[in-house]
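In the two assemblies presented below, chain A is common to both, partnered first by chain B and then by chain C.
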Partner chain A sequence: MSAVEPETRAHGSAPVHGMSLACRDVGFSYQEAQTPIAALREVSFELAAGRSLALLGASGSGKSTLLQVVRGLDLPETGEVLLDGAVAGAAGYDGLQKQVGLVFQTPELQLFASSAREDVAFGPSRLGWSEDEVAAAVDEALDLVDLPPDRFGERHPYALSGGEQRRLALAGVLAMRPRLLLLDEPFVSLDPATRRELARILARLRAAGVTLVLATHDVDLAWALCDELLLLDHGRVAAGGAWDLGDAGRDLLAASRLREPFLVELWRRLGRDPREAPRTYAEAAEALA
Partner chain B sequence: MRTTIAQYYPGDSPIHRLDARAKFVAVTALAVALFVRDSFAGLAVFAVAGAVAYVLSGVPAAWFWRAFRPLLWLVGLTFLAQILFAPAEDAFASWWIFHVSWQGLSFAAFLSLRLLVLVLIGSVLTLTTQPLALTDGLAWLGRPLRRLRVPTDELALMVTIALRFIPTLLVEVDQIMRAQRARGADFGSGGPVKRARALVPVLTPLFVLSFRRADELALAMEARCYRPGIVRTRLHPLKAGVADAVLLSVTAAVIAAGLLI
Partner chain C sequence: MTAPDSSTSPAAGGAPEAGGGALEAAGRPAPLIEVRGLRYRYPGAGTEALAGLHLVVSAGEFVAVVGANGSGKSTLARLLGGLEKPASAARAVACGHDLLDDEGRMAARRDVGVLFQNPENQLVAECVEDDVAFGLENLGWTPQAMRVRVDAMLARFGLAELRRREPHLLSGGQKQRAALAGVLAIPRRVLVLDEPTAMLDPAGRAEVLQAALELRAEGLAIVYVTQEMDEVVAADRAIALEAGAVVYEGGVPGLFRDGSLVRRLGLGLPAAGELALELAARGWSISPLPLTTGDLLAALGEKR
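Our next item is the complex of A and B:
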């Protein structure tokens, strides 16, 4: 069980002007040897700048595919992805796409350089920034993920612990200063303390104004971190928009083999209105005091 | 993402059902006969045999073509090399050190056709036999070598594991390339040196991952009591039947016909 406590300090990161995201009837299928497999069907949703979205759904429901399509690594077969209201092909769309950060599942697998600093610098140095700008972005990103550059900058990535590697890989994406950050199962195979640390970092990014899309199976962290949800079922949108915490919402989550968030269930069991359930333990303690 | 590597086409034709060992022996014998015999007539016999086997296998032409196409380069190169480097006598066209003669042309055509027939016969084997069945069959055929202390079962296991992990590694490569591309990596442009350098961010993680995987697999195998050098029983024992005897008899007849005609 884990929940995220709000963090008020800005932690050295300047406010970010988040990017808005919208999908209109996005469809995508994988071309397998004999039959194509539909991974996304008519997926539509809107996410305003600076908002955070929990992308939920059973394994194989299309979460990873959707993130890759939004980042432009796969092109949608039907429909379109709008970044700040612009469609693919519009002037400036490529530039917008570069401001979309995607943190892959187990991103520590992509570490390759011989020092933490060098690995984090890989992305920003490909954006055509000056050396000073890159160095500043690298230090800022390392700070953001709680790997102080003076202590960790010269360490070999493979000499770090699993949790540190995960945060380093996140820094590699943050250094490109994304305005929209997509995360694919960022909490997988982390111990509870590391999960909480990572959740704190994400809360920090959210507070700074970065638009977040968080694909996860952890509904409690999703509840704590995300304003809205998008529930995928076999590539289709089963529910979208604000969290619906009534019985219908609970049943929808159950249909995707998910439980409702712990604090929502607690409120229900206490005989209170689950729609007014708190997001954090601090809020819960205050409400119950 | 394309993860079908070997050309195996899943099916249930008479050719698919044959024992891997019988198919391997038949193909090897045909290949040897093909190279012993040097007349167009003999070639025709083997070509017909290969074509009949292919038709019986029920493999769609498109699938066959996909496996076949890359090899056409080889055939084309052989043809060109044979024409151009034939001896200079009775050449009807010459340029610099190249001479084209009727003899050279006919010899080139013969060699290319022989290669095509070989590829056709070999393809029928690989299109209708699962790679794992093939390695199992090879391990069985190599058993006499165990007396010479050749670790045939271990070699077969190595090949099996290698084959098993090729699709896994391809998926892995795809994921790593996507991740690095999302970080701005560019794999498609620049000269050969630049392209090779662009692969460092892919190859380093891939090697680290492969070694880790190998280490874990070795431990897991030991934990499940794998010990090298011990004769293991099989979950799917190889079974040879009447059909395989028929295959070998027909093959012998085809070879006799091909060599004598």
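Our next item is the complex of A and C:
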């Protein structure tokens, strides 16, 4: 997978005032045949506004559940989720929750309208905005995901390619102008070119200031896109904060059925400090050439 | 842009290629998969999903199938497994069964196993061992023979301790191993894997790829559909699809060559190759293009 080149200025998008996120001792369990199964246990972390977080962990470690809880689709059984420092029940919390966008795994399965524009308009039209505001947000979102509204606005979602459908579904979330964007395995089932394109879009959102949480098995893209990591192991935080890819960090990733990013492994095997490994192939080539 | 060692060109359409005769003359084992000019169109679709595809795979061969989303990879997997009827083909044979014929397809379903991307759709029973036994039960195996076979499959895929577990309580990698055990419980000659690692964590990916390589060593023909360029490196050969036709067939290094063909097809290079291209753009070209971290390190070592 290609690394993502940095973009200093967001393309076609105004700067966004990102939202800060914190979890304090968040616990959640599912009922499975009358037996509660703990999905999240005492999960605590902080993510400053405008930062990007790689949410890593083996299948079943609790990544999707954590995204649902942060989005407010599931209520934590213990602990609390803080948005811009506010806890649930505080004045303005509902409004903040509406500024959290969640892109589900394979979101294109939920496309339903008969035109791209109509599909993207569904979310913002329920936020009480004026028609003009909704139309402007839809056009902006379509531009952000590289589906220019003049070319794609009236297309039927099912007539789009798989990669275009994935980006259209993302536009449906971006049209609500999230200040915190949560993505659940956004790269699954995409071909490499489409993954690169989606990664460029996410890099753009990050550059615009949106706070990002990216749940993924793709450690190379996580390394390219994310400032920090949160590693979950059976619902508990195994590691959090800045990437620490010394030997201990590598062992932690391996214990969670992950591997270290390619560029980190390369730096280690070249005898360089893996903690100073570059984030992109271009940076790596500069350092090596 | 067709690679020099390609034996198949997109322009060939349904016409049989010279390569087929050569194969048989060379005294190699008879191919287990042989399709020529294979065509398929989904009901109501404007364009063909497969537009005159050729593929020949012999026992003990591991062939990677790559192509962008929508290029026809999954359709090919379903047709090879006898799960859909081809619209037409000059020849479409799997393990000696004619895929154009209804009875042939039913017979092909026994000899050709297909593992899909999402194991959730393949696990149907209430516990792992029942799932692994499911296919055998349908074929009328005796309970005793079935038990022996299921035990062997559970042991082989590290599922013995999970035999009574409900499939939905397994991790993604365990589910895919259980699905694979179920596919292989019926003795197969060909295994078709359709993006089998897409939903898995890196360790799960390595496990599934390793299992496919072991099955090749045991003499199965492996057709491995993937979007993971690092996995392609493990294959004996690769074919690349575009708009339902083969635009490259040949060795893996030839597929990746200088990166131009895979770029044009919406694919990419293994990570080591991507970095090597960045180095080449800075006047430090490495030939042949490294495809693994080990190759890249060796090349970097020589340059110093």
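Just so it is clear, the second predicted complex is superposed on the first by the 287 of 289 C-alpha atoms of A that agree within 3 Å, B and C clash if a C-alpha of one lies under 4 Å from a C-alpha of the other, contacts with A are read in each partner's own complex, and residues count from 1 in each chain.
Throughout what follows, a residue touches a chain if its C-beta (ideal position, glycine included) is under 8 Å from a C-beta of that chain, and two chains touch if they have at least 3 such contacts.
Bear in mind that the values here come from a model prediction, so they are computed numbers and not experimental data.
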*For A:Ala282, is the partner it touches chain B (first), chain C (second), both, or none of the two (neither)?*
second
_Under the stated touch criterion, which partner chain does A:Ser161 make contact with: chain B (first), chain C (second), both, or neither?_
second
*More chain A residues in contact [chain B versus chain C]*: C
*Regarding the shared-chain residue A:Phe112, is it in contact with chain B (first), chain C (second), both, or neither?*
first
*asked:* Quick one: is A:Leu102 in contact with chain B, with chain C, with both, or with neither? Answer first, second, both or neither.
replied: first
_On the A-aligned overlay, A:Ala58 touches which partner chain: chain B = first, chain C = second, or both, or neither?_
second
*Tell me which partner A:Val173 touches in the superposition: chain B (first), chain C (second), both or neither.*
first
*Residues of chain A contacting chain B in one complex and chain C in the other*: 33
_Residue ranges of chain C touching chain A (in the complex, touch as defined)_ = 67-70, 117, 166, 169, 171-173, 195, 198-204, 227, 229, 262-263, 266-268, 271-272, 274-275, 277-279, 281-284, 293, 296-297, 300
*Touching residues on chain A, where the partner in the complex is chain C*: 1-3, 32-33, 58-60, 161-163, 188-194, 196, 217, 219-220, 256-259, 262-263, 265-266, 269-270, 281-282, 284-286, 288-289
*How about chain A: which of its residues touch chain B in the complex?*
30, 33, 68, 71, 73, 98, 101-102, 104, 107, 109-113, 122-123, 126-127, 158, 172-173, 176
*asked:* Under the definition above, what is the set of chain B residues touching chain A in their complex?
replied: 1, 4, 172, 175-176, 178-186, 200-202, 204-205, 208-209
